[in-house]
Amino acid sequence: MTNRYRVRFAKGVAAVLAAGLLAAACGSDKPGTPDSTNKPTSGTVGEKPTDKKPQPGGEISYGLEADTAGGYCLPEAQLAIAGIQVARAVYDTLMIPNADGEITPNLAKSMTANADNTEWTIELREGIVFHDGTKLDAEIVRDNLLAYAGLYAARSPLLFKFVFGEYTKGVETTGPLTVKVTLNKAWPAYPWFLYGSGRIGILGRAQLDDAATCNKNAIGTGPFALKEAVPNQRVVVEKNASYWQKDADGVQLPYLDKITFVPQEIEADRLTALKADDLQIMHTSSSNNIDDLRTLSKDGTLASIESNKFGEVSYLLLNGTKPPFDNIKARQAVAYAQDRQLGNERLSRGIAALAQGPYAPGTPGFLEDAGYPEYDLAKAKSLVAEYKAETGNDIEFTYTFSSDPEGVRTAEFLQTLMKEAGITVNLNPVGDQSTLINLAIGRGQQAIGWRNHPGGDPDTNYVWWHCDAKEGPCDNLVNFGGWNDPEINALLEQGRASADQAERKTIYENLNREFAKKLWNLWSNYTNWSIASSPKVHGILGPPLPDGSKPSDGLATGHSLLGLWIEQ
Amino acid sequence: MLEVKDVRTSFKTDRGLVKAVDGVSFTLERGETLGVVGESGCGKSVLSKTIMGLLPSNASRSGSIKFEGQEIGGPSIKHMRDFWGTQMSMVFQDPMTALNPVMKVGKQITESLRHHLDVSREFANETALQLLSSVGIPEPERRLKQYAFEMSGGMRQRVMIAIALACGPKMLFADEPTTALDVTVQAQILDLLEAQQAERFMAMILVTHDLGVVAGRADNIMVMYAGQSIEMAPTRTLFSQMRHPYTEALLKSIPKLNQASHTRLDAIGGRPPDLVNPPVGCRFAPRCPYAQAKCHQEAPPLMVHDTPGHEYACWFPVGTPQGAEALAKNQGSIGTAVGGQ
Amino acid sequence: MSEVAPMTEASPEPTQEEEEATKRGLGIAAWLAIGWLGCMVFLAVSASFLPLDDPINGSIRETPGVSYFTEGHIFGNDLLGRDTLARVVVGTSTSLSIAALSIGFGTLIGGFVGLVAGYVGGRIGTALSAMFDILLAFPPLLLALTLVSVLSPVTETDPPSRIKRMLVVALAVGLVSIPILARITRANALSWSQREFVMAAKSQGAKPFRIMLREVLPNVVPAMLSVALLGLASVIIVEGGLALFGLSINPPDPSWGNMVASQVDDLGETPHVWIVPSVFIFLSVMSLNLLGDVVRDKFAVREAAI
Amino acid sequence: MTWLLRRVAQLVVVVLVVTFFAAILTSLLPGDPVKTIAPFATPQDRARISEELGLDKNVISRYVDWAGNFFTGDMGTTYAGAGLQGDSISARVRESLPTSLTIVFYVQFLTLLIALPLGVFSAYRQGSLFDRGGNGMAFALVALPTFVLAALLKFWLGLKLDWFPTQGYTKIGDGIGNHFKSVAMPVMTLMVGQIAIYSRLLRSDMISTLQEDYILMAKAKGIPSRRILWRHALRPSSLTLLTVAGLNIGALVSGALIVERIFKIDGIGGLIYTAVGQRQYIAIQSYVAVIAILYVVINFLVDMLYSVLDPRIRNV
């Protein structure tokens, strides 16, 4: 589809029931899975170390899963993973996560808080220039941060206003390279938000102040500069020769001269293009592709790395404000009727990792077992009966999903499974993502296939679930389920306010368990991401971060393009 | 010059073999005109196409056709192609359909000149001009650049004659050349053909369903019925002593000039026989007012009778005592004799 | 070189025998086509009575995705364990219904308007044919796309029923076919309206409507039929195309297009699931085209009328 | 001159009616376009966007605004979000239309190149093995769904044999070799069915032409078969083909969506599809107008060609 109008937070793909750690343990030997060693993964696998020295120069074509409509004016842009990957070429963020799940300074030299985490001082690196030659200084960073908070006149951010607006009291410069952010409340995880899944890039002045063409006139400090963007066709970026980072040997980064990003929505076709060397690198989260890639990378035809670390979770997003899902019995019935293992075998070639909660491996709060209901048809049936006794109605709901083949299969599978438990599902396919998202925003749905919550710090999910209203339906526009759960609200607030990592871990584990009890969302699986490439391409995860730590090996928010190089 | 002996032409169709021409023989000398007469479907047009070698692929032909002593119409189309236009050519029935509607008439004349005689464009144009004026077309220069649809019917037929004459053929087939024309111009065209034939000393076969057309113009007339020649005689003889009942019927039914073309000959009851399974005996017998039992059993041979050059195939010829007797007998009891098919 | 009619002379009318002969000789291919389409219509009509597996709710617990000629699944089953045969048979009824409805609709409207435009002629005729031209200038894809979206909007709680959705798709596609059918009918009606027998009927004072229906229409029918057959063929293909964009009938109901579309993301995964309906599409389209051709040949329909 | 004026008037009328129809149709599209454009906008933002897009006005005045801009040469921009300027519509058309037209041109040109001799020869040898085989093949090819063919080509020629790139379009200016390689598979996919249709159309018209007396007449003049076929028979037989080819251009330009999508080509069909999905009203109008203009112009050219091919039409 050419009209994927993606929002930045979710690819609303309905990979809801596709999952299964246990499935693979039971051995999946269905046709199409040639190799029974293709087990589901947890964490990151497949990066092959190379002893070759990086060769600067050359260009590659990078296959993306979607086009980004609306361009790259980051405060307002609607970026999914494909857009984020491009944004990471053009912009740098102030902070960046490392492989240990810590947030480290990037454009910032350091970021420090006062004792109660309400004042943050950001010290910037010296000598960094934007693509247009202007300097990165405290003033432009201040204006960027104000813009993201919705406090800068030239920009009108939409979603980020929810994230920052309420907390940001003021941003001021305290030196040529020093910015001080004052918050209304304590916010220990604030540095994570200055990474924002790679979306909080720092824009140059000319772009930031440009009211009309901010989306086209991309100016960042990133390793590549935007040369050309043709909707649905390609985004071409070229090496920023005066980039501020060098590798360990003192060679100027990035290595590549040019990257052409090519959106190819059809998963199988993207892999075909890679095999034909029409692309040299691509990302994918399709189980079929990943399964094929495991085989292909084993025999050396292609290289691939794969990860669900810090990943997103796919789930069934229920509307908790209206029947049947305002009743916990209905939510439980559906949860128990979901044979997730079977779904994994049938729809994901048995390679997906079943989710227990919203937090993917690597994220604090992640639990191997959060108490999420296991498949139990008898229990599901009795819950259906209880619901009927209580309300006089059978459980019936409409499931809305995007009408791509994968979405359709998942929906049909859900329908069949629910029928076994006596639950009626009406299928409502929608042609494009925007309709899906609009439904969710208006809370018009009963159930939607959804994918969200890429990891890093668990506090980043506050915006999706927290309600300010003490009772009644949630007043938070982007809590699409509309539920207002005091326990969850309280845990979110505690988690945000706490600076003690051990304490936070406990809080978020509790939150995880709370979700498994309340079943506001019915978790499916952690999203596997794979970066597949020609064997000639190396350096996918990138060089060490500026502070010397290893770069993050999560792929859900893209990867660094700094270290990418191709044998010539 | 043209010697046709026992020519048979048949077409393979879904229904079986259609014997369109079934054993026709005649000779024709240079400067002579042979009129071939018969009603629609009798095989007269096929005969001329057979001689020309213009049969479709589902047709087969036997017998001998000699042109200037040489056997023609062999298997090679290339061989015939050299004959067409230069040795023999044809004037078709309907000048509207036989002229290419999207090609200028000049081009249609010069094309065969250039192909056969390998002359220069200028010379071909010059010749075309002369041809057009010789067939009586005024303002030939303007006409050369016109299309067929821009001309009147008579004019078109003149153009076609010019095309046929372009390469100086020794023999001309005129296949119902006036049927599609207004009555007023029919005579003009026939006169033109006659004049050209005389001037160029060509042999001409004039095919028509109208005995009146050939009356004053042909040297000999051949009457065809159901693929066979049933009576042939010098024109004068035929009109004065016709012997075949069919010829008689034809003459009686000469279309009045105000009749539309292709009107069935009302005077002859019934339909022409099916050429896939022609009746045994005389083919005209089922429609013949003279027919007797013998006619339905035994086919009369085509033989010279009475005067030299007059041959006909009939057991009870018109104008003979046998004929008169047979007719009288039939008029008494029509039903019994007409048993056929 | 050119084939001349079997009769030797340019006889003014074919004899009765000849006409019968022309009608008789359909040829093996045409009979095969009629046979295939007959089977399809039979399947479509009797889909709900045939002893087939459940086409919607498969046996997800049994081995899914098995290939052809497996016990109990002659055409295999899909990833959800649904029997391909059952789905393709029910899909036949859906796809053929959509095709028949849309072309029926197109023929009815296009045929009527074309007939009027061709028979009445004059200003009305010109105005009407200008209208077809304008409709033809409208991108058909956009028309179908928008119509399906407009007539079958996404509502949260009440997805359209199978029948409604089928009607919507048929209407959208049918609308696209109107100008084409109208043009052909008009051109044929125009030429028949100038024949002697119509003039004769006119001169005898018959009412225009009556002449149109009794004199002109019967002669235009072969042309319409021929085009309608070709139209059916193209609707079957168009339905497949719409399905690729999620615009055919809603899942889980099968149609040929839906079945193909369901595997289009990975053709190698369970190839029988898309190959079987593709073969059905292929053979049906071929048969319809062939018959359309036969009708055209038999009735000597003027193709230049398009 | 009046004739030309009439043509231009006709063009204007067709474009106006078609785009007005498009305006009404798109205004019926369900869903709030503002929500589609800016899902998280506040009510004030919404009101502003609505005003900028003219959504607060009725269809007619919105249409009048658009038409005024369009006919003064301003196609406007797509809508990118709150206050942001989207892509220039005319730039998108400039990018996509030549691509579509180039491909359609190749398809039509090559199709005719193959279909003409095929049609002529199978009519000439009507009933022969060649004719019957070709006819059967034609039926098979027409019935082959595009996506199946595209997928097969992509797999064999793109991946296995690696002759052509599996996706993307290279402009002719960016390397002729790469250009032809990039269009090879899309063009082949679109051609296959067309060849069958065209050659069969030509064949049947040619067969009836070959039964004409003037063909026999040309033969009787001793003109060689080849010349008869190409010079005498082809021209009067090609009118139907021409009509269909003309109509087809319009359909191909906007309708090659599946092929565009599979081979990742930025054509006008994809533009329209995207614009409908994103509720880009102004863009839809302009694209429809462009296609309508194209359609009218092509049909005008076809009419001109008619009179070149058939002198009888010239005088009517």
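Read from first to last, the chains carry the letters A, B, C and D; within each, the first residue is number 1.
Here is the rule we go by: a contact is a pair of C-beta atoms (placed from the backbone, for glycine too) under 8 Å apart; a residue touches a chain by one contact, two chains touch by 3 or more.
The structure displayed is predicted, hence computed values, not measured ones.
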Which of C-D and B-D has more C-beta pairs touching across its chains: C-D
Innermost chain by mean C-alpha position: D
Between subunit D and subunit C, distance of the C-alpha-averaged centres to the nearest whole Å: 22
Centre distance in Å when subunit B and subunit C are each reduced to the mean of their C-alpha atoms: 50
Centre-to-centre distance between subunit D and subunit A (centres being mean Cα positions), rounded to whole Å: 40
Of all residues in subunit C, the ones touching two or more other chains: 1-4, 149, 154, 245, 264, 267
Shared-contact residues (touching 2 or more other chains) in subunit B: 93
Junction residues of subunit A, two or more chains touched: 1, 266, 431, 435
Footprint of subunit B on subunit D - complex, ascending: 212-214, 216-225, 227, 231-232, 235-236, 309-312, 315
List of subunit C residues in touch with subunit A within their complex: 56-58, 60-61, 63-67, 79-81, 149, 154-159, 245-247, 250-252, 261-270
For the subunit B and subunit D complex, residues of the former touching the latter: 52, 54, 77, 81-86, 89-90, 92-94, 97-103, 108, 111-112, 115-116, 147, 149-150, 160, 163-164, 166-167
Interface residues, subunit A side, partner subunit D - complex: 1-3, 5, 7, 69-71, 73, 76, 78, 156, 158-159, 161-162, 211-216, 230-234, 262, 264, 266, 269, 272-273, 275-278, 431-432, 434-435, 437-438, 441-442, 477-478
Touching residues (chain side subunit D, partner subunit C) in the complex: 14, 17-18, 21-22, 25-26, 28-31, 124, 126-127, 136, 139-140, 142-148, 151, 200-201, 204-205, 207, 210-211, 215-216, 219, 225, 228, 239-240, 243-244, 247, 250-251, 254-255, 257-258, 269, 272-273, 276, 284, 287-288, 291-292, 295-296, 299
